[in-house]
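Sharing a structure with you now.
Which chain is which? They are A, B and C, in the order written, and residues in each are numbered from 1.
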Amino acid sequence: MPDTSGIAANVVEDAPDDVSVKLLDMSLAGEAADTRRAAERFQAKADALVILGGDGTTRDAALGCDTLPLLSVSTGTNNVVPSAVDGTVAGAAAALVASGAVDDRETTYRHEMVKARTESGESVMGIAAVELSDRSFIGTRALLDPDEMLGGIVSRANPSAIGLSSVAGALDSLAPNEPGAIALRLVDEDASDQTVRAIVAPGMTTRVGVKEYHRLSDGESMVVEVDDGVLGADGERELEVTNETVEFHSVSDGPRLISYEAVFECAARAGVLKDGSECC
Amino acid sequence: MASAELESQETETMTIREAIRETMREELNRDDDVFLIGEDIGVMEGVLDVTGDLYHDFGPERVRDTPISEAGIIGAATGAAATGSRPVAELMFSDFIGVAMEQTMNQMAKMRYMFGGKIEMPVTVRATEGGGMGAASQHSGTVHTMIAHFPGLMAVAPGTPEAAKGLLRSAIRSDDPVFFFENKMIYEQSGEVPVDEDFTIPLGEANVEREGDDVTVVATQRLVGESLTVADELDGDIDVEVIDLRSLYPLDTDTIVESLDKTGRMVVAGESPLSYGAQAEVVSRAVENAFYSLDAPIQRVGVPDTHIPFGPSLESEVLPDADDVRNAIERIA
Amino acid sequence: MLTIREFDTRAGERFADGEIPGFVHLYVGEEAVGVGACAALEEDDYITSTHRGHGHCIAKGLDPKLMMSEIYGKRDGYCNGKGGSMHIADVDSEMLGANGIVGAGPPLGTGAALSISQKGEDRIALSFLGDGAVAQGQVHEAVNLASTWDLPVVFLIENNQYGEGTAVSDQHNAKNLSDTAAAYDIPGINVDGMDITAVNEAVTEARKRARNGEGPTLIEAETYRFHGHFEGDQELYRDEEEVEDWRKRDPIDTFSERLIERDELSEEELGEMREDIEMEIEDAIEYAKNADDPTPDEAYEDMFSQRVPDIDLFVEQANARADGGTRGGEF
């Protein structure tokens, strides 16, 4: 948010006459809070929410909803959570959930989130990862240089992911709906006994030195003293910290995400997609 | 003076096209800071074949083909000149200056003055002018008055191969912006040109091509040759002095005044549209500085304030030629 | 940033008092862009500027005293009094001029980069341009040439939300001006122009690309001018609330607060800096006010690298007329 490429406006424009599609009537400040406020409005009214964006947009939407099923479609740059799925498939999956044609207990899951909190009370929340960089400033926001990464925490670990989740995924495996998180401390690859190959940013496969990693259960945390650094969430720098104690931990009861594969498997199994069935 | 110049040194015969190309070749060889930039001057060898084989000798960086971007070409040449390069930009048809006028009049022309003289602007701009090949209004114009008029720019418009060579070299070596206007109908005109690779003609120096006592014809570009033909035809009847103005700005007032003091009669001939044209400036200088030498009204020959039409009958109607010069001479002789 | 703020605030006052002739366009509010960018450059990198150029000049290291003298039209000024506020230039600082024509800088930046490339030099050019300039044709030509030839140049759009008195959204359909980079197949980066660190990082990265032969980068820095387009502008196109909202993001306040928070600067040091700079600018104004005007005959100098007889001729004629005579010979 805002919708700079006009996708939503085109959807409204091109919608068939018998389908009522409207844009939310809300004022935009051009910041993350817009997404959260929009999600709050949907939580009150909608049966499912399709998000076009990256990890950041998904997280911001998640912060505005509780039980509303979300289907996140990748259009951002640094994506772990959203799926790169065809728009029609995504739309149909969301419709199958929203209409109650499939059992949402089988087709959705709670995605864990992760958080970093400073002693002075500021915090940063990520859906896939919260990172700590040794940069001093938020600057251009992007976290691209693995050499600057000091560590962080991830809610999911998979070697096919991107960013810190990919580093964790090279060492361990953690599904997004598993409770807990993996915390990592990174060092210069030359000074490390343990190095891994990971995709740390789009277009960047690198060797990363891992000093330590911990599997944290719910309620456990990793505490790091930071002289001068920046906390990032889902690949973007968010908060400058100096002379702080930072605590990283997982946050349960994250957003309810729709698995489009599960939706279609379930729908097929239930015969919903067969001609003559009552749904569709 | 031409004859004196030429008598004293070794020469070769070449066309105006060759004189321009060879000067560029010599200057590219002499100075690494010189480069050519323009549309289709490289691989295509120039739309009127002026740059020719230079691309093959100097490569794509010294003879740089550009997109069709006249403002960009003139802007980039201006920026490059301001930072120590010595670009020679080709605008192809002079009519295209319209696209690049902003960079020309507000940057190239003004930078040195606005900066208190603390920057050099060693840029040369070549452009081809003139009607006669049915190229119609947007490829046949003679726009040199606009450039000569604009403070901060120098403008030259040679009428002979020798002048082409001497002036182009002076233009390239000058630390000021110089527009070099070529008439496209006289590229094949040939003549004697000094072989000396340092031969230059100072900017702002006209040349008496033919001496005479009765009428002075001050001509530019194609009209220099046409006037010399007329002078020969009138020989024995009217003694015509023909001056190739060569530089439009600076303008050689002294040579004009000196000739007028002798003949008392003057025709100014060029292909610029007449009103407010380059011819008018010559007339003004003459009137201001040699009024009391005048024995007859000064005559102007040029395009009668129209654009250059396409159809051959129309085009030949508006283009000034030898007949127009002869008639003008006969009106006052 | 403090020097620019003080310089322009005082220049605005002196203009309002009628001491400074012509137009002045103030950079107040946009300081993070110029300073963040120039701090990412090497000393011998070139810049081209805009009509709102005081900030770029100071960020590039020009002397406020000689700048102020120029704005006052004095001989000691950078352009000997011939340029004024809109044309301050200092070739020795590789500062290729403020520019009164919107969009004229980028072609010059491309040209400087072409020179660098031709000569094989280890430096780059950076062209500042405004959001308004993005609508100019010659900017397109300049960026396209630079991209086509992979020239070492950075184009930095200072989007201060208004092209003169017209809002950006009324001038462009593109939501982000940096999106236009796609047409040239170069990176288009949008940064917070009120954050000096964001601008600095983006330009550092772009400079690296330029030096690596990877060609130009188009950066858009979102910023805001706290003053009108020019001093005396009635500002009918925006409301006070909007200006106040942006003032809350004052790049000097936010950055100094961050530095104080992280103990890299103390309130006392900041206060001392402000005082020193106030004095420096006060001195510059005094110096400029007391400096010599150019003599009238200097108006005829600096047209060309050598004197041309034409100008002398006209000056002689004017002098002769003043003496009651005429030039043109005698009967």
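In the analysis below, a contact is a pair of C-beta atoms (placed from the backbone, for glycine too) under 8 Å apart; a residue touches a chain by one contact, two chains touch by 3 or more.
Listed by chain with UniProt protein names: B = Transketolase central subunit; C = Dehydrogenase E1 component.
A quick note: this is a predicted structure, and the numbers were derived from the prediction, not measured.
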{"item": "Identifier of the chain whose CA centre is least distant from the whole-structure CA centre", "value": "C"}
{"item": "Most widely separated chain from chain A, with each centre as the mean of CA atoms", "value": "B"}
{"item": "Whole-Å separation of chain centres (CA-atom averages), chain A against chain C", "value": "42"}
{"item": "Centroid distance [mean C-alpha coordinates] between chain C and chain B, Å", "value": "37"}
{"item": "Centroid spacing, where centroids are CA-atom means, of chain A and chain B in whole angstrom", "value": "69"}
{"item": "For chain A, residues contacting two or more additional chains", "value": "none"}
{"item": "Complex contact set, residues of chain C against chain B", "value": "46, 48, 77-83, 87, 89-92, 96-97, 99-101, 104, 106-119, 125, 137-138, 141-142, 144-145, 148, 301-306, 308-310, 313, 317, 327-331"}
{"item": "Sites on chain B touched by chain C in the complex", "value": "33, 35, 37, 61, 66-67, 69, 71-72, 74-85, 102-103, 106-107, 111-120, 151-152, 154, 174-176, 204, 249-251, 253-254, 287-293"}
{"item": "Footprint of chain A on chain C - complex, ascending", "value": "175-176, 179, 189, 191, 195, 197-198, 200-202, 205, 258, 261-263"}
{"item": "Chain A to chain C touching residues, read off their complex", "value": "2, 4-5, 136-141, 228, 240, 242-243"}
